[in-house]
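Each of the next two complexes has chain A plus one more chain, namely chain B in the first and chain C in the second.
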Partner chain A sequence: MNALETLLETTLRTLPPVLLAGMGGMLANRIGILNLGLEGMMLTGSFVGVIASYYTGSAYGALLIAGLASALVALIFSLFTIRFKANPTVVGVAVNMLIAGLSTYFLSVLFGVRGSFSDSNIVGLPKIALPGISEIPVLRAFNNQNLTVWLALLFVILLHYVFYHTSLGLRIRATGQFPMAVTTAGVNVKALQYGALVFGGFLCGLGGAHLSLGQLTLFTEDMTSGRGFIALAAAIFGKNTPVGTLIGALLFSFTDGVTRRIQTSGFPSMLIDMIPYIVTVVTLWIVEMHALSRRKKMLTGRASRK
Partner chain B sequence: MEYSVELEGIRKVYGPVIANDDISIKVRKGSVTCIVGENGAGKSTLMNILYGLEQPTAGTIRINGETVRFSSSRDAIKKKIGMVHQHFMLVNELSVLENVIIGMEPRKGPSLNYKKARAVVSELGERFGMQVPLDEKAGDLAVGIQQKVEILKILYRGAEILIFDEPTAVLTPQETRELFANIRTLTADGKTVLLITHHLDEVMEISDDIVVVRRGKVVATLKKEETDVKQLAFHMVGSALPEECQREEKQSDQVVLAVKEITVAGANKPNAVNRLSLEVHEGEILGVAGVSGNGQSELARALAGLVPVTSGSISLCDRDITRKSRRARLLDGISYIPEDRKTDGLCLQWSIAENAIAGYYVQPAYSGRFGFINRKKMNETAERIIQEYDVRTPSAAVPVGSLSGGNQQKVVIGRETVVDPKLIIAAEPTRGVDIGAVSFIHNDIIALRNKGVSVLLISSDLDEIFRLSDRIAVMYNGEIAAIVDPSSITREELGLYMAGAKKEG
Partner chain C sequence: MSGKLKKALAAPAKTLFAIFVALVIGALLVLPTGTTPLEAYKELWNGAFGSKINILNTLARSTPLLFTGLAAALAFRGGVFNIGIEGQLYIGAFSAALIGIYGQNLPPVILIPLCILGAMLGGLLWAVIPGILNTKYQINLVVICTMMNNIAELFTDYLCGYPFKGDIPTNATLKLGENAWLMRFDERSELNIGFILAVVCAVLLYILMFKTRFGYETRALGLNRRFTSYIGVNVNRKILAVLFLSGMIAGLAGAEQVMGVNHRFISAFSSDYGFTGITVALLGGLNPLGVVIGALFFGALENGAIQMEVMTNVSRDLISSLQAVIIMLIAAEELIRTRRGIKKVKGAGKAPSGRERKEASAS
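Right after this comes the complex of A and B.
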């Protein structure tokens, strides 16, 4: 494989967490609730994934359980924000802190370890071998990718279809803009919001499981290290559309991949670790600036048309 | 007789407040029934109960003779009741088609069947004479068209009984006429229309039956042929309206306010007011008419000194005040009655007395030498306002938020006029005020004018504009479309200027 293919391969390998959680964040944005708890929901997936894999010995089972565990956390998040009308920002931050604490606690209770946990009983996620393409340039980067990579891409297609070709999608798109309009049209908006948040949580869980069971089979404290927030940035970058979020996630995991390459060449690693986050801030700034100038143009354009 | 809707003994109690007190109404199938009443009379509550948004404390609802109980608007929709809300329930970013079908989308397998939806909706539009552009975004349409989309939306849901909540509040006279024509098409088709309004002229134009509601009770049920505007007003208020104040002949041509080519930025528009010029003379009421959202708010705020102008100049009695602050202009004698008394006009938690000098406490009469407020003076002013403006309140110490809308507005107007201003900028001075208070406020404004005070009246209520103005300036898209003499123009002609279909010069 040449350098480009290696880079593409790394990008794809690191894509699922940001992409899956990004779609979770996108769903939350679409129904009008900011989900800052993506980070905690993803960490739940990482942690529960490792435990489930350790006890059940089944990678598929672990993946499913990780998703369900995160969905449960998302359900708690939705109960607080929808039912009890708590401020979503505060609840989101609380979820992140709670899960960080709980995972550390159970790590020491269950396995008596601190910091990280690894064991030969943990089964990693299967890689999908595509013998047909191993000789085709560029495309061969897709060979031997994790199951979650394909799952994540599949969910992009699925959500795109749901958003723009089904009534459920129409209702979701309308809810974030003007929930009252959807309510008076006779739709149960709260059920819609619960559904979107819980499903988003499930996606976060899959993303988290990829972190702990995809490449390595180990859990370390705070192993999501801000990916939940980067995921949210990817969703915003993608204007809360499935394909847009995919592009955003690709951009960030590409930066991540580049960063890892540079790391091996001897630069101070702390400085290099900053790069994905700086890219996040800068892209969001550019996106906002672009949106602002477009809005201005549209308004002056509309005024002069009259 | 066949009745579509029968309300019997409807009662709705919120804590100590009785919003609906034993209301009984029968609505004939295929008729237009107007529910008239002042703000707070309980007509919106009643319609919300009929639409299932609220549940009555007691009483029964019968639809086509069948007793029903609604726990949400979904139940009402099932019984073929639809409501066109005063504030449209449209998602601006979605297309018209999507807005119409949302909640009842036709399907084809798992997918939404856009093709069928389009066919059904355009057929519906043709049948009722309401063609709308299906692919445009709802937010890009004019208000009158948005309202048609709303009507189509409930027709699409199969509504046989249509409730309109203050449908004409946002329309130009032409759009109102079109709406009434649409309503007639609907009733001709056998549909039943319930219409809430407080515009009595419109009631006389469109209704078959009229129900007058006052303080939660039905005070009169009338046939249109048996009544007139005066009688309706009497029922609504519960007493005869005060005599109209007569305007004296105008005596001066001296310019008090001169505005030259000002441009003012709005919230999302750099030229909400666009190179606008006007003059207000001494002892003159200049009415600024227009559909709301055409820059009137920005103009009022810029003249009051709350927002800066980006270009142009403003002068008061030949002195330039373009760069002066609100406080400086207030001391110069520019009073300001803001369009939203609850957010800009009053501090609702404060007492009447405190509100009576709010803003004016900087005057030496109220601020003592060490910056303490002279409470005695403050209370005197408050008592004077309560006396002269007939504010119905137990005392000056009660929070102003506990008063009715009309009495709150009287406090604002009292505060802004007891100071002997040179110029009053009155933005929507009677919005959301009962008609008793409206005639009081109108008389007060005319009396001020007779005393030589200049008034810039900004109003989206054409009755008010015609009743008060010496001259009318029509605002459209941030500019003055025309300045006209109220005695030589019809409402329809004014409507053309308001809609931007006609422009002077």
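Right after this comes the complex of A and C.
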């Protein structure tokens, strides 16, 4: 493989957490509730994935359990924001703290370790070999990727279809813009919100499990390290569309891939580790600056017509 | 009971309820370790208040939380979700350390205020980027602040690991000159004059928030941004002012740790003081004087948890889970109260639509 293909392969391998959680964040944005708990939901997936894999010995079983556990956390988030009308920002921050605390606590309760846990009993997600593809240039980067990579890409297509070709998608898109109209049309908005948040949580869980079972087979404290927020940035970058979120997530995982490659260059590692966060800030800045200037142009255009 | 009194008692009652629920959940979490919850909580109590030194250490542990709690209380009251306190604390602490190292020949009367001022400026500086991106381009403050926290921790790790590396093997700067040290009350405890400074800060902030025009406008901002602009306040400028002041207080938390406790900047020294500050602020009802109580409570919990971990097999990480439970329960109560207030003002029983809620949260 040449350098470009290696970079593409690394990009794909680091894609699922940000892409899956990004779609979770996008769904939440669409139904009008800002989900800042993506980070905690992803961490749930990483933690529960490792635990489930350790006890069941089944990687795919662990993946499913991780998704369900994160869905449960998302359900708690939804209950507080929708039912108890708590401020979503505060609950999101609290969810992140809760999972960070619980995961380290249970790490010491279950295994008596602090910081990180790895064991030969943890079964990682298998790599999927595609016969014949290893000869095709560029495309061979798709060879030997985890199921989660394919699932993430599949969910992009699925959500794109649901969003633009089904009545459910129309309702979801309308809820964020004008929930009253959706209610008047006889749709249970709250059920829609619960559904979108819980499904988004499930996606975060899969993404988290990819981190701890796909890329590595271990759990470390705070191993998501801000990816939940980067995922939200990807959704914002993609204007809350499935394909846009994919492009945003590709951009961020590409940065991640490049960062990893220059990790070995002898440059102080902390400076290199800063790059993904800086890229996220700058990207959001450029996107929103562009949007602002366009809004301004539209306004002045309207004024001149008067 | 008169309506006013009832209202005044309702808030502490809800807070106590949240603490009670958290302690019950904590007890359930302790069970699988084989230690009885009663035993764990007894050690927790002894660790926090068992002896004179333990009490002094509880106060020492409360000090950074008091500063970060005040920073959070001010910001959250204004509806400005400054999650970046952790990063502002690091930059503030590093600024104080640099001044303390390079200005060590200055007399304490000049050096100490200089360090403190530097820390405040450092904290403010780290709030500038989130502030501008949020007010000018409406980018979510929490997302930017989280990125800034990560950047601050890594960047200060680099600074004290490479250009300003000190004389010890871990990533840390040199020791500050003794002229920059904050006076301690007892040589066996890290408690220093910074605690007094924090309490003074709480009183000043209380006056600012409840007795001045600035405070009135800040509180209005937290309740309803559109209304605040109707009463003639430049909302964006107000958000920036609140955020910058919050960042300056966060910088003070860092200064106290560097000048009073470690006497040098040590990489990643903060054990999530910035985030615990949010809990402390909510626990204190977003009122500076309440924050003092909240900080003492969490100082006691965290200090007691150290002894609990040594004496029983219960990890002190238990406390951070309990924090989150407390935040969620108080937040759930918070909004019910505010909504009632809004309803009364409007005179109509209209629930906020999803869009209104989104606007409120898009800070």
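The working rule: the second predicted complex is superposed on the first by the 302 of 306 C-alpha atoms of A that agree within 3 Å, B and C clash if a C-alpha of one lies under 4 Å from a C-alpha of the other, contacts with A are read in each partner's own complex, and residues count from 1 in each chain.
In this section, a contact is a pair of C-beta atoms (placed from the backbone, for glycine too) under 8 Å apart; a residue touches a chain by one contact, two chains touch by 3 or more.
Since the structure is predicted, the reported quantities are computational estimates derived from the model, not experimental observations.
Peer 1: Kindly say whether there is room for both chain B and chain C on chain A in the superposition, answering fit or clash.
Peer 2: Once both complexes are aligned on chain A, chain B and chain C fit side by side.
Peer 1: On the A-aligned overlay, A:Leu64 touches which partner chain: chain B = first, chain C = second, or both, or neither?
Peer 2: A:Leu64: touches no partner chain.
Peer 1: Taking the superposition as given, does A:Leu203 touch the first partner, chain B, the second, chain C, both, or neither?
Peer 2: Neither chain B nor chain C is touched by A:Leu203.
Peer 1: Figure out whether A:Ser167 sits in contact with chain B (first) or chain C (second), or with both, or with neither.
Peer 2: first
Peer 1: Tell me the contact category for A:Val187 with respect to chain B and chain C: first, second, both or neither.
Peer 2: It touches chain B, and chain C stays clear.
Peer 1: Using the superposition on chain A described above, determine whether A:Met223 touches chain B (first), chain C (second), both, or neither.
Peer 2: Neither chain B nor chain C is touched by A:Met223.
Peer 1: Please work out whether A:Ala152 is in contact with chain B alone, chain C alone, both, or neither, and reply first, second, both or neither.
Peer 2: neither
Peer 1: Which chain, chain B or chain C, is in touch with more residues of chain A?
Peer 2: If we count touched residues of chain A for both partners, the winner is C.
Peer 1: Applying the document's definition of touch, where does A:Ala233 land relative to chain B and chain C: first, second, both, or neither?
Peer 2: Touch partner of A:Ala233: chain C, not chain B.
Peer 1: Nearest 10 degrees is fine: what angle do the Cα centroids of chain B and chain C make about that of chain A?
Peer 2: Roughly 70 degrees separate the directions to chain B and chain C.
Peer 1: Could you tell me if A:Met23 is touching chain B, chain C, both of them or neither one (first, second, both, neither)?
Peer 2: Neither: A:Met23 stays clear of chain B and chain C.
Peer 1: Identify the partner contact of A:Met270: answer first if only chain B is touched, second if only chain C is, both if each is, neither if none is.
Peer 2: Touch partner of A:Met270: chain C, not chain B.
Peer 1: For the superposed arrangement, tell me the lowest C-alpha distance between chain B and chain C in Å.
Peer 2: 6
Peer 1: Could you pull out which residues of chain A sit against chain B in one structure and against chain C in the other?
Peer 2: On chain A, the overlap between the chain B and chain C contacts is residues 177-178, 180.
Peer 1: Name, in rising order, each residue of chain A that touches chain B in their complex.
Peer 2: 165-167, 169-171, 173-174, 177-178, 180-187, 295-296, 299-300, 303, 306
Peer 1: Help me check something: in the complex, which residues belonging to chain C touch chain A?
Peer 2: 29, 32-33, 76, 81, 83, 129, 133, 136-140, 142-144, 146-148, 150-151, 154-155, 157-158, 161-162, 275, 278-279, 282, 315, 317-325, 327-328, 331-332, 334-336, 339, 353-355, 357-358, 360-363
Peer 1: So in the complex, the part of chain A that touches chain C is made up of which residues?
Peer 2: Residues 31-34, 36, 39, 80, 84-95, 97-98, 100-102, 104-105, 108-109, 114, 175-180, 189, 193, 225-226, 229, 232-233, 236, 268, 270-271, 273-274, 277-278, 280-281, 284-285, 288-289, 291-292 of chain A touch chain C in their complex.
Peer 1: Would you tell me which residues of chain B are touching chain A in their complex?
Peer 2: That would be residues 73-74, 77, 83, 85, 89-94, 98-99, 101-105, 107, 110-112, 153, 157, 268-271, 274, 477-478, 500 of chain B.
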